[in-house]
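You will see two complexes here that share chain A, one where it goes with chain B and one where it goes with chain C.
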Partner chain A sequence: MTATLPTGSLDGPLDAPPGARVDVPPPLRLGRLRLYARRFARNRSAVVGVIIFVLLVAYSVLGGLFTPWDWSRQDFLALTQPPSGSHWFGTNQGGNDIYAQSVHGLQRSLVIALSVSVLTIVIAAVVGAGAAYLGGRVERWALALIHFLLVVPSFLILALVSNRVSGDWRVLIPLLTVFGWMFTARVIWSVSTSLRERDYVLLAEFMGVSRWRIVLRHIIPHLGALLIVNFTLGIVSTVLAETSLSFLGFGVKTPDVSLGSLLADGSGTITSAPWLFAFPAGLLVLLTVSVTLIGDGLRDALDPTSMVGGRA
Partner chain B sequence: MTSPTTPAGKRVLSVRDLTVTFQSERGPVEAVRGVDLDLYAGRTLALVGESGSGKSATATSIIGLLPPGARARGEVLLDGQELLGLDDRRMSAVRGRRVGMVFQDPLSALTPIFAVGRQVADAVRVHSKVSKQAAWRRAVELLDLVGIPRPQLRARDFPHQFSGGMRQRVVIALAIANDPDLIIADEPTTALDVTVQAQILEVLEVAKAETGAAVLLITHDLGVVAGHADEVAVMYAGRVVERAEVGELFATPAMPYTLGLLGSVPSPEATRRLPLVPIEGEPPAPSQRPAGCPFAPRCPLVRDDCRDKEPALTEIRQRHDVACVRAADVLGRRPEDVFARAEEPAVAPAPAAGPVLRVNGLGRTFPVTKGAVLRRRVGTLQAVSGVSFSIRAGETFCLVGESGSGKTTTLLEILRLRPPESGTVEVLGVDVAGLLPAPERRRLRQAVQIVMQDPQGALDPRLPVFELLAEPLRAAGYAAEATRDRVVEVLDLVGLPRDSLDRFPAAFSGGQRQRLTIARALATKPRLLVLDEPVSALDVSVQASVLNLLARLKSQLGLAYLVVAHDLAVVRHIADRIAVMYLGHIVETGGAEELFAQPRHPYTRALLSAVPIPDPERERSRERIVLRGEQRSAANLPAGCVFADRCQLRPTLATDLQELCGTRRPLLEQSGGTTVACHAV
Partner chain C sequence: MVRYVARKAIGWLAMIIVATNATFFLASWFLDPRSNYRELRPVRTEDQIAHALAPYGLSPRWSVVHRWWYWLSGVVLHFDWGHSPTGVPVNSEIPRRALVSGQLILLGVVASVVIGVALGVYTASRQYSLADRATQTLSVVLFNVPTVVSALGLVLAAVWLNQRVGTTVLHVAGANTAGVDGTWATILDRANHLILPTVNLTLLGYVGWHLTQRSLLLDALGADFVRTARATGLTRTQAIRRHALRASLIPTATSVAFTIPAVFTGAIITETVFGWEGMGRYFTETIAKNDVDGVVAVAAFGAVATAVGAILSDVATVVLDPRVRVS
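And now, the complex of A and B:
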């Protein structure tokens, strides 16, 4: 009985008070996206997350306009200076302006992290859910590939290959993707195996809906929460992976900078010149926090049983 | 029946003004509001109500098992001892010792890692200081009492080695292990088959007689109430709305809701098929009960003063309390006088002849495997063997049988529209095994649609109604405009408002969701609708309106129905022809009238007699056949008749005939009004 109680209050999980839409017949229904957007907008912290994220993106794109310094230019008159009027975030040992470098590093990291996360999730979802639903030979081969990739020492290969291409940051995207999707795919596969037994999946089959359509419409959307959480975690872990590569001298290489390489540089002087570490680290924290808030909001908006979406 | 003024035995439990509040996202919700109950030794009080009426919350608050966040107020006195507010340690001394509990799901009520004898012995030892040996002996005794064969041996078995009915017997043994004063049985037979249900209810009677305890029986099944309760309390929206002796309540209900409940149950004995008398609407959600009487919005006798103030439970006759201002007007009236009976659907114009579906000798086996790593095939499960039937347009054909009889497998084999393992399936005269061109296959696909048992599981919760209804149409190749029109059309057809199109399934109640799944199935204009337990997941008062809807649709659209159901009262109400299945075989088939009037096969007879009738007098006086044991596994079918081991007729037969039953499987043969597979008829 207790379990049935919450559902009792699901009368109007959509929005407007009952009856508000009754006398507007022409648009027979709201678009699904608009519906989700409304639910998302009701979640205050998610909106804060979006604002922070938009500001970060704006900062990474437009931040360079506000300073005379370029990320690659060195100011030999100001080596290892704390933040001041001319160098807002201070300078490093080589006289590079940290503000300009953070702008550039954030941009690099954002591009790498976002594209790797998106690609990883898409591949993982399609392979994992597809393997689970289609079963048979497809499933066996997909699992074999996943398990093979899981036991391959990926970090070593990453390091070697990225070293060979001498630190071109664009190569990092496919590399990190190739060695990043299988764990998520494995999790998605195991969750999807229970989804394929659901009544509505069976019903869709009986209605003659094609198999890939069932995967895309009925299986993958149900993994929404899982995908979004993995996506957010993926951004963080990609930044970290790129950091560790850069730290070891394999990833983004000087003179190019990323948030990761800035952190690696700054971590050595955290007591003598804390600003070298503090500003990139602050940006990284803002980035991950904002993406997490957005992720939470999306999950609640997409989840029809979420009370948060219905109540607020 | 005992005299109404002096109930036998002493008062065991008295509940006064019990209120249970749950915390929810929308603030506190009162699940139970001011319930008073009295239970007397040796008597059974049935608490009847639909889901959400607060009956289970009442029971769980009595034994102090409310979930965290819920609060119970009021007074619960067990022999003068206040139970509410006892801490967990003191409450544990009461639970099991003085109050025994039987829950709905016997599997989750038993620990899977201990032998059942050990579990019963532990229950004995927790509350009394006896030696291990003595406790074990007592456990074996108890298992014997609840009817477990060879208890000495079986006590060493683990729960998974028992069938559902046997497990429920063990749970009852656990409940009575310490000779409790009160047994609380929460839907004890809902998860079981009818023939097993009858056995378990008998065991519960034995347990009551043995311990002399008071029994609080919580159920939604009025037939069970009629057969086994002494007193009945009907709950609605968290309150007791009517309370009386069982005979009195069934004969002269005084609350419109009770009257409506009685009217909406199809009777397994009805001779003429009239539309049921539904109660309009659905029970209110706990968070939004109307002011005044909570039943007022659904009540046909509603007056203005009903909406002002909630009526209190008052005595209108001896030991008959009702919370209704119109009680005097209700007394002595029949459901159909008070509630509008749905109009009888016009008989459909006879559509083109020729069967919509023809199944011939259908068979399906599953491999039984053993071992997790290296799977070995150790046997074959013969789920369906040699099933044949055909359905014409405008006809309802019912497959009846207990779980494991192969009904659902038969349905799935048909719906798959692939060549079956053995036998043939013809839809609209086309053999599905043949090489069909794609458009033809699509046409067949559209012609057969299914409505599943659980509307919650059948609707993707992530899609709004429009998408749900559009999906089969898109798969069938409808254009966007046509899809839109058809969606609105089917929504009207099942009687849902048009503004539901952009709501999610969670926003609908159970009955409305089932209407949605029906609408979905109808979208592509099928000829045959397969209904898998279409109303068993619904509340009684809602069942009736869905059954009426199905009847109306059938005559309006000239559909054929293939129905699988275990509730024979429902089957009686809708079926034209019936096939009774046992262990994957059809044992008897024929017209609904003939089959219900004169069942020939012993299994059919037992099945019919196990159905509880919602009428205390007839239910208690009729003779019933209680089958021994339970359906065997389909993994090792006997050489002879599949029903021989449980047959009540076989022991009475001549020895050579008994021999025949054990060695040769009977074939279906015309006998009387029906076709029967039995050597003895």
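And now, the complex of A and C:
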């Protein structure tokens, strides 16, 4: 790895005699985002993660254009056919095209995962940082709520409720959000408690900035790196939770499909029709691995003390 | 120590009671036992359905509180956990299933922790070596493989192996083979059935322990007290084993409890894939069949498993951490 940035002191050599002209290389100034991008781009596996993720998103959005088959249409002349020219990923017992179903299922899983992760990170940041800064009764109640939600059988409640609403994927978003924010909130809370006494927070207090404004404008921005990394982790855990629920028959249900319900379809015929399992499973693993690689890259790029991203 | 454990146990008992009763109300709210009779032919009237459900304390004519009181008095007075809407006693299902799931979860947790912590310690003391990088990559990939995919992948692999060898080397379905007699044959048969589900739970469980134990031990290796230990003349291995390792095990021990719910969730899927009649299967079946009492029993089992894990990790913390004094 070659770092090309000049790392000398920006003011020029101190031991130069006064008045002497010294050729000082112009200081290289990068905007913060440019700097993060450079650090991120040096991490090869993270770049691979971004490429895979972008391809997956493109596949889920545009993949349907390349096939004449619709995810819900049945081809009764091709039941349980292995991958072929007309059905690229094969067909299932009902004659559904697995390529088209994978496009649709990936779309469902992605939309659910992204929206749940955005919501959970916002809730976790506000509750975690708010509890740490405001302290007192707010903190006690917030922590009690977090601990309570951590020990309730959340998977059971998720299954109960999503079973009742009979497979409407939109209901999964608020459900997975309600049971997904606590752990991140606890991490953010424990990091924020050390920010409470920082000089810049005290200064803002002396300047008369309101308490919630301090939380939103001074404490939460300071946690940016942590929030972004936890956002990517949230995507992975949401995808896993949604897949598990749908696999067991509680989350997304027929006639709708998600990657989890596709896996459930394929699990019964895993030896006789392995393509029903292989394609959704491959997409799922690519999705979670790519997001994790991106998360690792972001962590190293955003963390000023990390040396993995190279110098500067 | 005994008093400390007893105090913790009482706290967890209260938590179990609250969680179980809350689940009863949730389940009564979201599950409708009548639907088991609505699909029957000839068509039942609402009166007939209510009449059929009444002996099991599930009558829709009763208020939720009334049904709850019936259920609670059954549990407290006779340890009777109720009936399914079709009249199967929950008590006849639980002991067998709890045993099946209990051994799966216990083996899974123990194997995950032992393998993960051992790998973490091994790789942390050889940071950036080939072994470290290889296991790290493997763990990151495994961390992202959903339970469903790994379980089905194991099934595929085992089926392939069995076909290659020509006999059933590894069983892929059920907890035991019907018609196996004799003590040793039964034990061997059951052990064989246990292999794949346990491997599945371990594959997914060990990763977290590996990665956290590695970073914890790396932090501890850089700490002043380890340098002091080296300065007193200990070798690097001794310093790691006696000082760094012990300090870095404390956070690991405290977090065992919080992984039990995740292991139980993993066990639900593992049991579904491998066809085990345990609590996990019971979980999906009871929800699908609107079996309120069964769902509550599953919730109670999950809460008990979490509590046992939490108490064990508290004991481990006390043993490991000299700063925690209980007497």
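Going forward, the second predicted complex is superposed on the first by the 236 of 312 C-alpha atoms of A that agree within 3 Å, B and C clash if a C-alpha of one lies under 4 Å from a C-alpha of the other, contacts with A are read in each partner's own complex, and residues count from 1 in each chain.
In the analysis below, a contact is a pair of C-beta atoms (placed from the backbone, for glycine too) under 8 Å apart; a residue touches a chain by one contact, two chains touch by 3 or more.
Just so you know, these numbers come straight off a predicted model, no measurement behind them.
Judged by the touch definition given at the top, the superposed model places A:Gly249 against chain C, while chain B stays out of reach. Judged by the touch definition given at the top, the superposed model places A:Arg164 against chain C, while chain B stays out of reach.
Of the two partner chains placed by the overlay, only chain C lies in contact with A:Gly260; chain B stays clear of it. Of the two partner chains placed around the shared chain by superposition, chain B is the only one that A:His218 touches, whereas chain C remains out of contact.
When both complexes are overlaid on chain A, the residue A:Val209 reaches chain B alone and has no touch with chain C. When the two structures are aligned on the shared chain, A:Gln107 is found in touch with neither chain B nor chain C. Contacts of A:Val151 after superposition: chain C is touched, whereas chain B is not reached.
The touching residues of chain A, when paired with chain B in their complex, are 1-2, 4-14, 21-22, 25, 28-30, 32, 35, 198-200, 203-204, 206-210, 213, 217-218, 221-222, 224, 302, 304-305, 307, 310-311.
Residue ranges of chain C in contact with chain A, taken from their complex: 15, 19, 22-23, 26-27, 30-31, 140-141, 143-149, 152-153, 155-156, 159, 258, 261, 264-265, 268-269, 272-273, 283-284, 287-288, 295, 298-299, 302-303, 306.
Across the complex, chain A is touched by residues 22, 24-26, 29, 31, 51-52, 54-57, 60, 66-67, 70, 285-288, 415, 442, 445-446, 448-450, 452, 454, 457-464, 466-467, 471-472, 474-476, 484, 488, 498-499, 501-507, 520, 524 of chain B.
Those residues of chain A lying in contact with chain C across their complex are 150-157, 159-161, 163-164, 236, 239-240, 243-244, 247-250, 260, 263-264, 266-267, 270-271, 274, 277, 281, 284-285, 288-289, 291-292, 296.
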